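I am attaching a structure below and will ask some questions about it afterwards.
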Amino acid sequence: MSLKVEECKDVFVFAQQVDNKLNSIAFELLGKAKDLAKDLDQQVVAVLIGSGVKGLADELAWYGADRIIVVDDPELKEYRTEPYAHALSSVIEKYKPEIMLVGATAIGRDLGPRVSARIHTGLTADCTQLDIGDFPLQAVEGQEQKHKQLLMTRPAFGGNTIATIACPEFRPQMATVRPGVMQKQTPDKSAKANVEEFNPGFTPDNKYAEIQEIVKSVSNVADIAEAKILVSGGRGVGSPENFKLLDDLAAAIGGTVSCSRAVVDAGWKPKELQVGQTGKTVRPHVYFAIGISGAIQHAAGMEESDIIIAINKDENAPIFDIADYGVVGDLNLILPELTKQVQEAMAEKA
Amino acid sequence: MKIVVCVKQVPDTKGGVRFKPDGTLDRAAMLAIMNPDDKAGLEAALKIKNENPGTTVTVITMGLPKADEVLREALAMGADDAILVTDRVLGGADTWATSSTLAGAIRNLDYDLIITGRQAIDGDTAQVGPQISEHLDIPVISYAENIKIDGDYVIVKRQFEDRYHMLKVKMPCLITALAELGEDMYMTPGGIFDAYQTEVTVWGRKDLKDVPDTDLGLAGSPTKIAKASDRVAKGAGEKVTPDTPKDAVAYIVGKLSEKHVI
Amino acid sequence: MDFQLSKEHAMARSLFKDFAEKEAKPRAIEVDETEEFPRETVAKMQKFGFMGIPIPKEYGGQGADILTYAMCVEELSKVCGTTGVIVSAHTSLCCDPILTFGTEEQKQKYLVPLAKGEKLGAFGLTEPGAGTDAQGQQTKAVLDGDEWVLNGSKCFITNGKEADVYVIFAVTGKVEKRGKLMKEISAFIVEKGTPGFTFGTKENKMGIRGSSTYELIFQDCRIPKDNLLGQQGKGFNIAMHTLDGGRIGIAAQALGIAEGALERTIAYTKERKQFGRAIAQFQNTQFELANMATKVKAAQLLVYQAAMKKAEYQKDPKVSYSVEAAMAKLYAAEVAMEVTTKAVQLHGGYGYIKEYEIERMMRDAKITEIYEGTSEVQRMVISAALLK
């Protein structure tokens, strides 16, 4: 019961909300959808699913939605796979999107595959780049080259490979998109969108899970193994007080402070924050090694980080052998200015 | 009760990713292991088996004949039966075709609970589990951190970014396992020798139930690869010695924005 | 001789390696520093069948072969010599003599829980005045009605205070042999908690510091008559036979320590830079590594050959493996000492620092030249076979 390719149009975005508050991913997806819709000369449609969520529609318009489809039903109060999958696939069947974007969140990565399987289309996970282009990229004799296809680029293999995927025969072209990658547009509070309500009807069956309890977690001690960005300090930081410079940078960039063994041994930081062979093994997206010489014992715990940025006075420090970006310089002079500029950049982005 | 656990053999990225001289991944040089999330799922299944006498655990994998190794490992850990789904026509499958294949195989089995890993470390998609559940028209609970059996129901701790839900659902159902679901379980030495005495069931295309050819293999995959490349091996990166702290900051900020960090 | 490991053995090795990396390695430094017996690791090994690898399934074991057991001790010892010897002492020195010499009742009562991992075993032969010379034994056992009464003490006992079941040797009389009056020695099974059985000094050791090495004290300790292991007066044979097997375990431990030190040294020399080059690029380093690796490989072949010879013996008791076991232990222990010493040297100053774990490996290696028969005793065993 798959959709006919020629009948489908417009770029749809699943506007994820939790507790009737829109998730930042919804705005990021709208920002990207706007670019894609422009290339296709089509509209951006936000799909808002929940209970009592109509009031969120304005905000979606500010961030770029031309139309908003609201599925509002008491069954949709909390995220549950089945009623949400039913809601989104019913929207897809009725409105026939060309493209359907979903955030690669703990919700989107559950909803996306369930919906794609239901409507028989492809789904590309965790995309970091989306473009409109030809498939195949270059014309191949004996194969029709399709134009205006969604080209979905994603890393795989722990970031060691990168692939561009298309979905030429099936619609919608579905992708889940990694949070924090796409740019939101600056909200335009005068923007208005056409809001349409749609309720496909919800009849609970065995696929409706019963929610017995919801526990919102309170973060206590930072788990450095879970952090996406680590600002890590070594003996070169000089003193426990001086870690303030690292705390500030971490706060500005949304990261967590960690440290080397020397720092733990000196009693400046607790053992839980230690990276390395005798500490924790971490694999963040970005690892700042600040005043860390980078002994093998330390490297063993962090060398698989995606991006390693090292700041060290000693140009022969072994950390420079594994850093992607090494800066020889004085952390005391560099960090305050770096924090300031990061703050500015983040404020601009928000 | 009857539990089916889906496992995948993957190259071990943790043991160090190896590259060929031309910069492409050297998959052959990397150790093949049972995908960690799948292993956690298997551990959870074996725990349920230990706590609920009469439970059987069947492991199933789709892959090349070599994937037999992960099935032996599962048997050595305590699984009862193993099924290898392998056929030339199943190759090149995306998540849709993979989930169609596994669903076609699982339709031959009696099951109360199906457990898959949340995602595999090679593809990182997290799609196959939920898609299998859709093909089989049973409920799914993804991102499970804990499972309790309660009569005909399972109670699952389902993780989100900032909270968890305790969910109750009637079996049969499918659960995708987070690493936390498992609790360090190992093969036993004797189990290894027994595992190689156990017969692994091998199924091909003809053994799949209610799946059209158009849903299988490369041809049955809605998504097509337009371009694939390996990132070049990470060696020493750049090292700069800026004249002033300002230049240093400009350099770092430039890199951070280039990489979409800020 | 087949040099290719079977699929089963290859998988067993990956199991032991995985376990060692995840469970034993993270605790190795702490075990050494605190002298704490690694109970958590041992509990997991008990749960997953590591404590009964070469014991038949009908007695609660894994039914695997000696080679599998040796690989287990080897892989554990690569990361923690203490953990390796705990398995070795339990399996070779306590399970094995009960399996070989025990009655069916003794096997059911003691071997089954030992092999299943419910109980831990130890072995008490050495006394302050009787190490290499078993005739120096002072501990006595006297039959009194339905009970043996033990008096005396044993020293340097691995798993000393942690074990539940002990195989203990004691003098039960005197016999005339070739015109000389010799002590008659017998073996017994003693349970922890038996009145009169207590623990003395805990030894503060140079290496394998977590292995709970204790003095065992017997003061009018009464054990059932049925706890005599094997025939009365056959204790010396039982001890010698047991040590033949134990030597394979210790050889595997020595091999593992050497391999662990070599692996770390290879990694270190590739990373460590001096004079602008990795020290692995210096020919001295390269030649040292080549010598170390060659000796380690030779030791491994000797250890595996001894393990396979013992497997042959299990099928045909006429086969002797004591020379192979002695050669394996002699060579592997000396290689362990040499390789760890060189490993420290190649690490330079860092090799002398505890965090780098190389100096611990060197300390751990030393004992393998001493216990379960010193290198000198191994040479006696080997030469006696050559010259008989």
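Per-chain residue numbering starts at 1, and chain names A, B and C are given in the order in which the chains are listed.
What we mean here is this: a residue touches a chain if its C-beta (ideal position, glycine included) is under 8 Å from a C-beta of that chain, and two chains touch if they have at least 3 such contacts.
In this text the structure is predicted, and so the values were computed from the model without any measurement.
With contact taken as defined at the outset, chain A and chain C are each touched by B. The count of contacting C-beta pairs peaks for the chain pair A-B. Closest to the middle of the protein, by Cα centroid, lies chain B. With centres computed as the average of Cα coordinates, no chain lies farther from chain A than C.
For this pair, chain A with chain C, the centres built from the Cα atoms lie 53 Å apart. Each chain gets a centre from the mean of its Cα atoms; for chain B and chain C, those two points are 40 Å apart. Distance between chain centres (mean CA atoms), chain A to chain B: 21 Å. Contact with two or more other chains is made by no residue of chain C. On the side of chain B, the complex with chain A involves touching residues 11, 13-14, 17, 25, 94-96, 99, 121-131, 133-135, 137-143, 155, 159-170, 221-231, 234, 236-242, 245-246, 248-249, 251-253, 255-257, 259-262. Remark: chain B residues 69, 72-73, 76, 184-193, 195-196 touch chain C in the complex.
Interface residues of chain C facing chain B in the complex, by the touch rule stated above, are 7-8, 11-12, 15, 18-19, 22-23, 44, 48-50, 53, 57, 61-64, 68-69, 72. Residue ranges on chain C touching chain A, taken from their complex, read 29, 267-268, 271-273, 355-356. Chain A meets chain B in the complex at residues 18, 78-82, 85, 105-107, 109-110, 112-114, 116-118, 120-126, 135-137, 151, 155-170, 180-181, 206-217, 229, 253, 285-286, 304, 307-309, 311, 315, 320-330, 333-334, 337-338, 341-342, 345-346, 349.
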